[in-house]
Amino acid sequence: MTHEQILAECREWFTDPDFGRLRALREQGRRLIGCFPVYTPEEVVMAARLVPVHLFGGGTMVEIDHADSRMQSFVCSITRSTFELGLTKRLAMLDGMLFPSICDVARNLSGLWRRNLPDHLAEFIHFPENFQSAHAVPYLRHELQRLEQRLTAISGHAPGPDDYRRTFERVNRWQAAVNELYALRAAAPWNVPLADAYALVRAGGMMPREQHLPLLEQALATWRAAGGRPQDRVRVIVEGSFCEQPSLELLQTIEESGCYVVNDDYLLGLRWHTAPLPLDGDPLEALARHILQRCVPSAVHHPGPQGRGAALLAKARAAKAEGVVFCIAKFCEPALYDFALLKRALEAESIPYLSFEFEEKMSTFESIRTQLETFVESILLFS
Amino acid sequence: MADEYRYQGTGRNLQKDMLGDWFQRLSQAPARGEPVAYLFISGNIAELLSNFGFHLVYPEVTALQCGIKKTAGNFILKAEELGYSPDVCGYVKNDIGLLHSGNASPMGKLPPPTLLVCNYSGCRTYVKWFEALAEFYKAPLFMLDVPYRRDDEIDPGDLAYVTGQMNELIALCEKLTGKRFDIDRFRADLADTAKAEEYWVRILESARRVPSPFDSYFEAVFFMAPLYTLRGSPDCLRYYEAAWREIEERIAHGIGPAGEERFRVVVEGPPPWPHFRAFWEMFQRWGVVAVASTYSKVGGLFDQGVRHDPARPLESMAEYCMNCYTNWNLGLRRDLIRRYLEDYRADGLVIHSVKSCRSFSVGQADTREVFSNEYGIPTLFIESDLADPRYFSAAQLRNRIDAFFEGLAHRKLTGAAPARPLPVLEVRP
Amino acid sequence: MGPWIVGIDVGARATRAVVLDGDGAIAARAAQPSGAFFARAAAAMFEQALDAAGVERVRVDYVATTGYGRALVPFRDLQITEMTSHGIGALHLFPGTRTVLDMGAQNTRVVALSPEGRVARFKMNDKCAAGAGRFLERVSLSLEVPLEQLGPLALQSREPQPISSVCAVLAESEVINLVSQEFRTEDILYGAHDSICDRIMPLVKQAGLTPEVTLTGGLVHNPAMVKVLRDRLGMTVNCAPDGEYAGAIGAALLGRRRWEKRGPRARPASQPRAAWPRPERRKP
Amino acid sequence: MIAAGVDVGSTATKAILIDENRHILARSCIKTGANVVKAAERVFRETVETAGIEEHDVTQVVGTGYGRYKVTFGHAQVTEISCHARGAAYLFPHTRIILDIGGQDTKAIRIARGGEVEDFCMNDKCAAGTGRFLEAAATTMALPLDEIGPLSLQHRQSIKITNVCTVFVESEILAHLARGRSPADVLRGVHLAIAGRSVALMRRVGLDPEITFTGGVSRNVGICAALEEKLERHLNVSPDSQYMGAIGAALFALDRALTGHSPAAAAAGA
């Protein structure tokens, strides 16, 4: 496949409103489990010989109709569009949906799913909030075991240590490649268009990883070899889209407005490991430990001693960012709460930032473009 | 006549005095060098903390009071100036606005916390709230993590996890206060609490009578306060003994909350505190009594058998933490509402959806769908907010409430035949 | 003798142009409604302003555009967003300006300027704070008071009627309900102006409020709006009679700055200047 | 025996006179304007004059709509929800669902035979997708309100309007026009957007067989087309659709007249 074909293929996976690729996969006999953002323990799904399918809402491809009659207008888009996909039977190829605890809205969605799609498994996973407690890891291990049992009931295969080792190896390899992609973008953003890199990773969350890894590695090779030239743009990191995802068009708008996005929290659920999973010892305990201790934090899950403000500052410095762009999903309470804390941290260090809200289904970006351009002007024009 | 009604109003007045005393003690705490803990209403562990001599502050109660006293609006604006979005919970913004405006609650200035205990039962927004408080006060934050009731049965692992954390909290309190945990006092307090809960359930269930002597929403939201805020002090039990006498007396005299009871409804969702009176009146003019409500269960589903138990102190407390209304999954919530409609012989369901509380409101539109379309139960769906006065549109609400009870009255009176005057026509502003 | 610069503010409602002469002084200005065809309106105002200034088109050295349609003007040399241009424009009108409040028909923008006069922080309304000008237009319809009289009449209010709504459109329904309750028109009007403040105050505070405050955009001519703002902000609010030209002025000034940096000949290759526009007639 | 219904809406005030056989004797519709009481009186007088009768010939008057308590000469008030239900059931006896798109809110009502309200829903605290949205669209495109519907029918393709916020529809429309989309296509998008919101609202009360579309907006052929396309069924639309509330009110008034509520009695009771 050519580079362009790879990207087109990747986009096809998540922009096709009928999810043809997923249905084909189901017809090949693979059993699919949908994953709602953010920190879904997909390793358990894989070990049970099921395919985790990371869904990030309906984007611009669904018109929300049935879900609107079951949800108030102040519910975030990703929740409504995901529910719409379910209600309109467009996710019929799935055997179930997993909802890790990230916010009250997603949690209640799991309840709506149970009632309205009774033939699906709809599982809510409780993540410990008390990271200091000695009981947190054992509790989460217990919770993952519960999940394992429910998934085994679907696949008919109870995962053993070997299943987990193979899974962990696969996840580690893929994670390493994704990490390199991000390193590449931070080093030479002019060579790696944001929207392309994004599409590549996002498809990885839907395809069987073994299928996706070669595509990812080929694209990496292409980008490594690319010899583009830097333009006069502002290096920024983007925060606030760890759950609901902006459309490819919005991603392009951000770059067109004069920004280089050198780090972000898009698709966080696919790349939250800060270290490879250990291949020895009790796999479920290792996984629990990772979720609670070796994990990229976000507004909905912030273990670790470092405060939220400090974590962001560190991230910005590491990426040599000149500014921070908060691209927050409308009605996303966790991100909106964090913004108030984070902006104070940035102001204290007088790091310029911009904040605006988006919705996945947005089709006009005039106002956002204006704000981005002004932000860029305020850094470039006056310095 | 005078002695005929000896107890009417005690529910309200006694509570005023007790909360007054509570605040007195609280405001003197810093001077006395006594510790102060901030915690939440739902699934709170008052007895455990008061065991170490903590004075307890409930930021929700402060937010609620600001709402009723109509000062919430400015605090919310203040918080929005600080960068909090118009779309996030009004309770949180109210409290944060208050902090940044001198922290003078309607009752007076609140002392800073020695310890923050985030006992969030079914509301993750609370986590965000206490993170903000911890950042503001630089006070130690203990996260009491209460698993969500995701399945119909409680997993024993969940309870073990909660009691495990409670033991860790006890250790922390011993370190902070230098006091040893007094298990005997703890058991004694839980015994009192259990008695108070018995009385509270009696009061709630008195509403099964027709006509009902008690309004389980508009009155309950006040009657329930001591059980949430005064547990672990002798006042709590005293209060419910007195409150029960008031209800007994109402039963004896056949009097109720709304002159003539014309409609019995079950209410789902929190009240709009900034416009509580106006909201109640919109129902009173129709002779509506709320015979059961879910909001009166946010601090514990005692009428569903939840009890503190001196014999199983931590275990029973953990069960209580997990069995607060908003910590129940939507299926459990629906079944509860359905039971209420039947057991309390209600004419309809009123869903008041508030923007602030996603934990409550996401799913209510679906609940409405189930009850109205599947069970065929007259259901009214109205929206405003529990804290933000900007979301209350009197004209709109009144219009919907009037239309709903016009329809109910019509059905009660005539089945289907329309060509008769609607009795509701005589209703005047 | 310096360059002749034209600044054009292509707003969603109105298009305005100013001409800076060789000494950087404002030689002429022109304005008309934008309509649906921005390029056309921009060209027309370009022409009109130059005619008013009595300069030949060929004498123009640099054209800077700003506002909603800034990117739709083919003969521009530089495009700047309205927030940057209003900031610089306000600074020109009132050199002490630290906070710029630009209130137009649809958008409200707050720009905080650093002491050195650079855009430090800014905030733009989201949906619900939007439509200040449009809101007043609708109010003038439902109260049957001509737009230009809204302000003066509101100032006669003795007991203002609070109007509380997060959404301009619902605030409007509230106005209608107040009318039906027969409150005095001036009291409702004052409340209406005050409710605009309610909706934009968070923006102001988030961008950071430092005196002096300068009001620009369409609402500068509304005395009630100015008074309400003064009361709410607790400080005087600068208003220039040509405050609605701040965007065009700012664009022109930045254009001049840019021209001086780049020198007379240099022009960004990315933006080759299209032929000067021919004056177009708008089809009726 | 003659009964009257007066519907005081946020934008228009309407009145209807009917006789004891429920025949409509006269109808009138005026702009509500700033003085609601006057508007109610004026519209009532107009109908009386068209019917060529005296005001005291009218036995009962029922007021409805947002300004129903401003119908000072009314003997009683009923919400527009009950009235639209009653009116629709009278004009289309098989109606189960009523959609009423008004100036500031949209209602979906489910009724039983005879017009008894079983269930209803209204748009929440956001004016998105109400009649006001169409007005905004019309003003933005500098077209008279009654022309946008027909024009939208001439679309070639339709544009997805995602933003149903009335305040912001302007910039979205301008953006599309700037990209060279035809006004007809843009308007088609506008009408589909409102139809979408309305259908979602109707789903809440259940999409039963026969739907009657009432309120001023129902005269807009563009909306009707968009709705019928989305619902894949025909909608009842009466030429009197904007009078639906007034007709229902008049029927309630007639009920009272027939059961002998004399004005005096009502006045005494009131």
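So that you can tell them apart, the chains are marked A, B, C and D in the order they are listed, and the count of residues begins at 1 in each.
Note that in this section contacts are C-beta pairs under 8 Å (C-beta built on N, C-alpha and C of every residue); 3 or more make two chains touch, one makes a residue touch a chain.
Quick caveat: nothing in here was measured; it's all calculated off a predicted structure.
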- Touching chain A and also chain C, the following chains: B, D
- Is the C-beta contact count larger for A-B or for C-D? A-B
- Message: Taking the mean of the C-alpha atoms as each chain's centre, how many Å separate chain A from chain B?
- Response: 36
- Give, as an integer number of Å, the spacing between the C-alpha centres of chain D and chain B. 40
- Note on the structure: Cα centre of chain B to Cα centre of chain C, whole Å, reads 48
- Note on the structure: Residues in chain B with touches to at least two other chains are numbered 82-83, 355, 365, 369, 383, 391, 393, 395
- Item | Multi-partner residues of chain C (at least 2 other chains) | 68, 128, 166, 170, 173, 177
- Note on the structure: Listed in rising order, chain A residues that touch 2 or more other chains are 69, 72, 357, 366-367
- Message: Could you list, by residue number, the parts of chain C that touch chain D in their complex?
- Response: 12, 35-36, 38, 68-69, 72, 106, 127-128, 130-131, 134, 142-144, 166-170, 172-173, 176-177, 179-180, 182, 185
- Where on chain B does chain D make contact in their complex? 355, 365, 368-369, 372-373, 378-379, 381, 383-384, 391, 393, 395-396, 399-400, 402-404, 406-407, 410-411, 414, 416-422, 424-429
- Message: Touching residues of chain A toward chain C in the complex: what are they?
- Response: 356-357, 366-367, 370-371, 373-374, 377-378, 381-382
- Task: Under the touch definition given earlier, write down the residues of chain C that touch chain B in their complex.
- Result: 128, 164-166, 170, 173-174, 177, 198, 201-202, 205-206
- Item | chain A to chain D touching residues, read off their complex | 63-66, 68-69, 72-73, 359, 361-364, 366-367
